[in-house]
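Note that the chains are named A, B, C and D in the order they appear, and that numbering of residues resets to 1 at the start of each chain.
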């Protein structure tokens, strides 16, 4: 097989891995955002955003 | 039954699940071999299929002890035992989920490790195919061992000791099928078909034995 | 429908735990099993649930809407352990048991959300089960009784980790189940607040089985 | 502390996850933009230069292989520094950083292994040899995966953080082994040619794209790391909120 083939495959493999990484970061972020919104919708808010905060251990 | 399959798969990928551990153990075992036998590529390519098979055998035994123990610890096993659904079927589905979570990744990782062992394309293909046919058998027969050891405090090691002798036929026919594929004169199909037959045999015997052992172990 | 136990005795290891216990519970009735620690309450429930083979005697269900091969198939068993996975969310856990157990003829299980609301934890089904406190986990385990219909409830110390309000909630659940034609058998120290429940007092059995050795 | 220096003040400012999130939100588009620009330039240079007279076109594999290999070690070093941060300074973000770096480092190690194999097949005639450099990088890959598995196995983040940090520091021995393996043992892999005491031994023709690509990959790593840290912070925030929700559900009138 020609050397150009190996070059192409290695660039493709690198690109695929990096793209997968970017995709993972992005999807993870979206999922976390959605979970936060769900919690927010259920009325669960961070202490700093809640006016009458109860004292307790810092998260 | 689908619900049980989905739940077990979910558990295996959630935190603390065993899906990653098995394949990692497989890779580590295979990576250690060349340190032991020396980096002689010709030797490695000759013993590569056997090493992959032994690595996969050990790796698929790894998580088996938790198959029923986790269910027993939180009381789910009691409820599963009470159901109208035959226990054999429940065990079969649990084995299937366990194989998809731990056995299938081993099969998928084996071509990569085959390259590390300097095996040629034919040997890699044959090894992957035989592992695909053989690892379910190990899981099924391992389920019987897991069910026997479910009530024991240090059941994990015992499962391996109980199951390894029973898994020897699978190993024999798996490796001989690969060798047949590499060396021309011997035909590949007979040992491979025996492997498939073993798989079907264990798919029946394993769950039946496991179900019996689980019924007896409840107290 | 009647649940009938005749001359039950059971062993654990070599010890005979109880001997010759008979009772009969009809639809809409509750039976409270009382007795000191070690009197064999849990063992009796496990025998009824088919998890321990009885040494002698038999359990059967008469005149059921849906004839079952083994009596335990018509039973819910709420043991000491909750039968829930910590890693999965409450909803996933309940959904699994709803699908896995299925309804028996003669009744209908509640939807997952409705069942969680019945035990007072409607808003937190999205949380992982492991995040809940012991009392909340127990209440979710009770919601499991609601998602799939079983005429017979076998309850082993159901209210051990619960506060007074939750105990009251639970006796409400049991009363509701009885009025729907169910049967409840509970082993407990605490009063369950069930008016008109039958009582079975277990005294324990001080003696070995046959002196085989 | 009477008068903390500016650096320390800035550093402890960052210890507040909310401030860190704000910083990431402001900075990451710039980092991503710069990464893309550098990659464009690097890829142009990589394919515009002539091939090596010995290696032919395959020299171009080096432009991804060398940066990936360098990042696999840098990623582990980032984790090691974070581990020190967890154990010594108890910096609240240190463990977040170590956790976020593990999958990214594993991916770049994987790229280094794959591109190395693809270079080795035409050059050495085999996909893989068990020499010191390749083996130690493979061990590094397994260590990354082991750390990821460890992180996933424990559901209590603070306990997992300390145990993980100890493991990371123990595993750090492997990094100098990888770096110097080509000099300590006589191996097939060629010795370092860029970072040397007596200056690079590589022709400027190849050095220029290599350096640009290395810079691009490093920026890519930093961008992904910052974003992954953001995800990890959100994950922990969600976990805390959920525990609060579970506790509040028990109280009458609490948020359900």
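Observations
One rule holds for everything that comes next: a contact is a pair of C-beta atoms (placed from the backbone, for glycine too) under 8 Å apart; a residue touches a chain by one contact, two chains touch by 3 or more.
Just so it is clear, the structure is predicted and the values come from calculations on it, not from any experiment.
Any chain bridging subunit A and subunit D, meaning touching each of them, is among C; the list is complete. Relative to the C-alpha centre of subunit D, the farthest chain centre belongs to C. Chains A-D form the pair with the most C-beta pairs in contact. If each chain is reduced to the centroid of its CA atoms, subunit B and subunit D end up 34 Å from each other. Between subunit A and subunit C, the centres computed from C-alpha atoms are 43 Å apart.
Each chain gets one centre point, the mean of its Cα atoms, and the points for subunit B and subunit C are 37 Å apart. Looking at subunit B, one finds that residues 15-17 touch two or more other chains. Shared contact sites, meaning residues of subunit C that touch two or more other chains, fall at 86-87, 123.
Touching two or more other chains at once are residues 42-43 of subunit A.
Taken as a graph of touching chains, this assembly has some other topology, since it is neither a line, a ring, a star nor fully connected. Taken pair by pair, the chains that touch are A-C, A-D, B-C, B-D, C-D.
The touching residues of subunit A, when paired with subunit D in their complex, are 1, 3-4, 6-7, 9-11, 13-14, 17-18, 20-22, 24-25, 28-29, 32-33, 35-36, 39, 42-46, 48, 59. Looking at the complex, you find that subunit D touches subunit A at residues 18, 56-58, 60-61, 64-65, 68, 103-104, 107, 110-111, 114-115, 118-119, 121-122, 220, 224, 227-228, 230-231, 234-235, 237-238, 240-242, 244-245, 248, 255-256. Within the complex formed with subunit C, the residues of subunit A that make contact are 38, 42-43.
Those residues of subunit D that touch subunit B in the complex are listed here as 117, 126-131, 135, 138-139, 142, 145-146, 148-149, 152-155. Interface of subunit B with subunit D (complex): residues 15-17, 20-21, 24, 27-28, 31, 34-35, 39, 41, 44, 115-116, 118.
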